[in-house]
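Each of the next two complexes has chain A plus one other chain: chain B in the first, chain C in the second.
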Partner chain A sequence: MAINVLGRRYKKGFIGLALFSPYLILAIIFWCIPFVWSFVLSVQKWNMMSPPSFVGARNFISIFSDKLFYISLRNTFQFIAVFIPLSITVSIAISWMIYKIRVGASFFLISFLLPYVTAGVAYAVIFNRLFAHDGVVNVILRSFDISIPFFTDPRIAMSSIAILVVWKIMGYYALIFYAGLQAIPNSIYDAALIDGASGTQTFFKITIPMLNSSFVTILIFAVGLSVNIFTEPFLITEGGPFLSTHTFVFWTYKTAFELFKTGKASAIAIVTSVISFGLVLIVRKIVEKEVRV
Partner chain B sequence: MIFETKKNNLYVRYLVISIIALLALIWLYPYLWVTISSFKDETDITGSGLFPTKPLTVAHYVFIFKTAAEIGRTPFGRAFFNSVLISSSVTLFVIIIGGLAGYALSKHRFPGRDIFINFIIFQMLFPTILFLVPVFLVIRQLHMIDTYWAMILPFTASAWAVFLFYQFFKGIPDDLVESVRIDGGGELLIIFRIMFPLSKSIVTIIGMFVFMQRWDEYLWYIVLNKKNALMPMTTVLAGYMKTYGENLGAQMAGVLLLTFPIIILFIVFRNSFTRGITMSGLKG
Partner chain C sequence: MMKRLFLFLIVVTMIVYPSVLFANGEKEKADTVTTLKLWTQPNPNSERFWKPVIDEFNSTHDKIQVDWKTIPTGGSSEEIILTAIATGTQPDICTNIFSGFLAQLVENDVVVPLDQEFGDFWDLAKSSKMENLIKKGWGINGKYYELPMYVNTMQDWYNKDLLAKAGLAVPPRTYSEFLDAASKISDPGNVFAAEINYKTSWWSRWFDLENSYYAASGGKPYIDVETGRLNFDDKYGKAYLNFIAELFAKKYAEPVDIKDGVLKGTVFMKHPQGPWSVKGANERFPNKPYVVANPLVPDFVPASQQVYVFADTKGMVMFKSAKNKEAAWEFMKWYYSDIKHIISWLEETGQAPAREDLMTNPLFTEYWKNNPEVAQYAKMIPYSIPPASIPNTVEVHNLINSELWEPIIFGKKTVDQALSDLIPKVQALWK
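And now, the complex of A and B:
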C-alpha cells in the first residue's frame, strides 16, 4: 500500500511536470536563453558575422558618452511631461463624468476604448494626415489664426506624439479609474455629506485618495509605455526632426538592425530597462499609500 | 452640492452629458474620417472636409488588392491572411500551452513547482525591448528568419497567460478534479472537458488580448521577417506609408482593413475585454 501511494505520488509529480514542460521548453528557448544572451552580448562587440570579441564595459561607456543617450533621455522626459499629466487628467475627468451621469456608461466607455484596440501603425497613418499642415486640426485652428506644425517643429514633435498616444490609451485608463470609482463605498460619500463637505472637497479629499491603487497601476503602465515608445516616432517622424523624437527603443532598433552593433544595442536595451525600473520604483515610492476603508 | 436646487442639478447633468458626448465624437471622428476617405477620390482626401465633393470610388481597394501585386508589393488579401494566420496561431498556442501549465501549477505538486511560480512572476517584470536583439539571434540560430514560425513561436510562451490560468484554476475545487480522476478520466480530459469549459471567461480574456496584441504588432515583425509574401498587414501598411506617401487613398483603405476586424471582435467580446482591463486595475 505504502509503495502504491509513493508510486502514485511519483506518477502524479511526473504528469505535472509533463504538462508544464511545453511552456517550460518554449520559455527556455525564447525567454531564458535570450535573457542571459542579452547580458553576454552587452559586454561583447559583435556584428553578427565575424566572431564576437569581449570588450568589458566599453559598450556601456560608449552609451554614456554618446549624445544620442542624452537626446533620447530628454525626448522621453518631454514625452512623459506631456503624456502623464494629460492622460491622467483627461481619463479621470471622463471616468468621473461617466460615473456621475450613470446613463450610457458602457457606450461611452466602449467608444473611448476603440483607439486602444487600434494598431499603432493604423493610427500613425491617420494622425499623420489629420495633424498635417492642411489636415483638419490645423484647418480648425486656422479659424483662430493659429497654425501648429505638429510633426515638423522639433520643439513640439515629441509632445504631438504624446497627444496621439493620449488619444489611444485614454479609454484604458478611464476604465481603470471607472472601476476604481465604482469600488468606493457609498457610505463614505454619505458620511461626507452629513459632515457638510462640499462637492469639490469630497472629490479631492475622498475620491482622489480612494483611487490610489488605480493611480499607482496607471502610473506604472504609463511609465513603461513612455520609456518603450517606438511605432509612432518610427513611422510618423522617423526620429526627427533633428532627432527630436529619437527614443530608446528606436535607438536599440537602429543600432542592432541598421548598424549591426548587437553588443551596444543590448547594452542600450539593458540601460532602458534599468531606467524603466527606476522610474517605476520612484512612482511607487511617491504615490503608493495604504488606503483604509 | 447639497445646497443646489434640483433644477440646477438637472442643468449640470445635461451639460456633463453634452461634454462627454462631444468628447466621444472627437474620439470617434478619426474612424469616420478614415472610412469616408477610403472611398473618396484621391484629390478629395487632402481637403479637410469630411464629406466628399467628388463621386465615391472603390479604386483604392482595387489598388491594394490587385494593382499592388502587379507592381511587386504584397497585396492586402495575402497580408490579411498572414495576419489572421499568425494572430490566431499564437492565440491558440498561448491558450493551450498556458492552460496546461496553469493547470499543472494549480492542481499538481511536482518538483520545482514553487520555483516555477516565482519564475513566471519574475518573467513579467522585464520589458520587451530587452529581448528584441537576442530573440532575433535565437530565431536566426534556428534558421527561422523569414518564416511564419519566426512570427509565431517567440510569443507562444506567455507568462501572463500562465499566471492568469493558474490564478483562475486555483478557484476550481480540487474535489471536482479528484472525482474525475477516480472515475478514470485522464489529465487531458480534465483540462479540456472541465477546466476550460468552467473558465470560459478567462479563456476569452486571454484569447482576446493575445489576438489583439499580435494583430497590432509591428516592431517584432519588421525584425523577424523581411519576406514580402509573409508580411502581416501592419508591416505592409507601414510600407505603403513610407513609399507611397502620396497615395493616401490606398493608405486609408489599408487602415480600414487593419482596424475594422479587430474593432468588430472587440465589440463582440467587449465585456471580457473590459473585465480584463479592470482586473489589472483593481489589484494594483
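And now, the complex of A and C:
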C-alpha cells in the first residue's frame, strides 16, 4: 500500500518535471548560464579576440569613477519621473473607461494593446520621423508658429522618449488594472452607494486602495523597464544630445560592442541589475499593502 | 516473437543504412571539396552584386565552393564580426573591413598578412591596378592584410534652385562665399543653409570634421598616430570649427533631422554626403535637383591648392582561422583578376572600386558618362585619405563628439575652449 502511494507520488513528480522541463531547460540556457557567465566576465578584461585576463574588482571600480554612470543614473530618474506617473495615470484612466463602458471592452483593450505588441524598432523609426523637424507633428505645430525639437533638445529628449514609451505600454498596464478592477466585488460599491459616497470618493477611497496589488505589479514592471530602457535611445537619439538619453543598457551595449570591453560591460550590467532590484525593493516597501475584502 | 524481431530489424535497417550511406557520401564530398565561408557588406545593392558573382564562382570551381552571406544584422559590422570571432563562427573571408578595425584585428593576430603568406600578392595588386594604392595607405607595420574593395570619397551636395536663388552658377568654394550665399537663402525653421550631422555615432566625424580638415589642410593628418596628438587646433582645424560654430549661431544650421532636405529644396547644402546616396536619390528624384561639389575650404586657402578628402575605404581580409588558406586566396585572386566583377560592382552599388585606372580605363568611361555625380566622387580618389589606422578609433571619436562637436554645435563652448579640453584627453589614451 505504502509502496503504491510512493510510486504514484514519484509518477506525479515525474510528470510534473517533464511538463516543467522545457521551461527549465530554456531558463538554464538563456538565463542561468549567461547570468553566471556575466559574473565571470565582470572580473576579467576581454576584447573578444585575445585571451581574457583576471582583473579583480577593477571593472566595478572603473564604473563608479566614470561620469557616464552618474549621467545614466540621472537620465534614468528623469525617465522615471515622467514615465511612471504618466503611464499609471493614462493606463488607469483607460482601464476605468473600459470598465465603465462594458460594451466592446475586449475591442478597446486589444486596440490599446496593439502598440505593446508592435516591434520596438518599427515604432521607434516611425516616431522618429513623425516627431522630426520636418515630420507631421512639427509641420502641424508650425501652422501655429510652434516647433518642438522633441528628440534634439537635451532638456526634453528623455521626456519625449518617456512619452513615447507610455504610448507603447499603456495598453498593457491598462489590462492589468482592468483585471484588478474586475476583482473588486460589487457589494463594496453597493455599500458605499447606500452610505452616500460620491463617485469621486468611491474612486479614491475604494477603487484605488483595492487596486494595490495591480499598482505594485505595474510599478515593479515600470521600474524594471525604466532602468533597462534601450531601444528608443539607441534608435532615435543615439544616447544624445549631450548624453541626455544615455542609459545604463545603452552604456552596456556601447562598452561591449563599440569599445569591445566585455568585462566592464558585464560589470555595468550587474550594477544595473542591482539598481533595478534595489528600486523594486523600495517600491514594494513603500507601496505594497495588504488589502482585505 | 520472431515476426516482431524481423519487423524491428527491417525498421532499424531502413533508418540506419541510408544514414550511413548519406554520411559517407558527405564525408567523401567534404574530403574533396573545400567550402569557404564568405561574408560581405550588408546592403541590398551589394547583395544584388554578390549573388551572381558567387553563382559564377561555384559553377566554375568543382573543388572550392563559396558559402556566401551578408554580415548578419547588428549594430555594426565590427560588432558582429567580433562576436563571431569570440564564438569561433567567423568566416574565412570577409569584406567591409575599415582600416581602424583592421588595426584591432591585426593587434589581436586574427587576420592573415596576405603579402607574407602568398608570393603572388604583389602580382595580383599590380595586375588589378591597386599596387600604388595599397602601398599608399593600406599597410599596417609594413605588412598588408587587406585587399582594397572600394573607396568612398566624401562630397557636399547643393540644391540647384537655392544655388540660383543665391545668385551662384557653381557651388561656393570658401567659407565666406558660403556664408554670403547663406545670408541670401536662409529662412530659419523653413530653409536651412546647411544640414550638418549633429548626431554622435562614433564614425560620424570621419565624414564632416576630418573630411573638411583634409580639404582645408591639403591632406595633413588630423592626428599623430604615434602620440595621439590631435591637430585640430591649427589654423585649418580652427577655421573649420569656427565656420561650423557660426552656422549654428546664425541659425543657418540647426540640430534637427531633415529627410531629403537638399533634394526637396529645404536645405541649401548637405554636408557631407557619400556616393552610396546617389543611386537612391536619382531614382526618387529623377530630375536630379542637386549638384555635387568638393568640401568648402577656409578663405586663406588658394584656389590652386589641391583639395583632399576623407575616404571611407573598405577591403577584403582573410581570417587566420581559415582551414584552407590556399583555397581562400584562390577565390580572392579570382574575384580581383576579372575586371568584369569590378565594373559590375560599380554599376550595382555606385561605390567606386579601389583602382588607380578608374578615370583612364575605357571600360569605365560609359559608366562615368551616364553617372556624372558618381564620377565627381571617383575623381577625388587619388586625393583621398583613408581612416587613420589607430586601434582606439572609437574612443578617440567618442571624445571628439562629446568634448568638441556637441559643445560647438549647441554653443556650449568656444572653439578654443573645446579644443583645449579635448586634446589632452585624447593624448591620455596613448599613455
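In this text, the second predicted complex is superposed on the first by the 253 of 293 C-alpha atoms of A that agree within 3 Å, B and C clash if a C-alpha of one lies under 4 Å from a C-alpha of the other, contacts with A are read in each partner's own complex, and residues count from 1 in each chain.
Keep this in mind: a residue touches a chain if its C-beta (ideal position, glycine included) is under 8 Å from a C-beta of that chain, and two chains touch if they have at least 3 such contacts.
Keep in mind the model is a prediction, meaning the values are calculated, not measured.
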| item | value |
| --- | --- |
| Clash-or-fit label for the pair chain B, chain C on chain A | clash |
| Chain B versus chain C as contact partner of A:199, first or second or both or neither | first |
| Chain B versus chain C as contact partner of A:34, first or second or both or neither | first |
| First, second, both or neither for A:52, with chain B first and chain C second | neither |
| Chain B or chain C, by number of chain A residues touched | B |
| Partner chain(s) touched by A:258 [first = chain B, second = chain C, both, neither] | second |
| Contacts of A:129 with chain B and chain C, given as first, second, both or neither | both |
| Contacts of A:147 with chain B and chain C, given as first, second, both or neither | second |
| First, second, both or neither for A:239, with chain B first and chain C second | second |
| Stretch of chain B, among 96-104, 222-230, 258-266 or 276-284, that runs into chain C once the two complexes are superposed | 222-230 |
| Chain B and chain C footprints on chain A, overlapping residues | 48, 128-129, 134, 234, 253, 257 |
| Chain C residues within the chain A interface of the complex | 74-76, 78-79, 82-83, 85-86, 104-105, 108, 110, 189, 198-202, 254-259, 261, 266, 394-395, 398, 402, 406, 410, 412 |
| Of chain A, residues touching chain B in the complex | 12-17, 19-20, 22-24, 26-27, 29-31, 33-35, 37-38, 41, 48, 94, 97-98, 100-101, 103, 106, 108-115, 117-130, 134-136, 139, 167, 170-172, 175-180, 183, 193, 196, 198-199, 202, 213-214, 216-218, 224, 227-228, 230-231, 234-235, 248-249, 252-253, 256-257, 262, 265-266, 269-270, 272-273, 276 |
| Footprint of chain C on chain A - complex, ascending | 47-50, 128-129, 132-134, 142, 147, 149, 151-152, 154, 234, 238-243, 253, 257-260 |
| Contacting residues of chain B [partner chain A, same complex] | 1-2, 13, 16-17, 19-20, 23-24, 27-28, 30-31, 33-34, 45-46, 48, 50, 97-98, 100-101, 103-105, 107-113, 116, 119, 123, 126-138, 140, 153-154, 156-157, 159, 162, 187, 191, 212, 215-216, 218-219, 223, 233-234, 237-238, 241-242, 248, 251-252, 254-255, 258-259, 262-263, 265-267, 270, 273-274, 277-278, 280-284 |
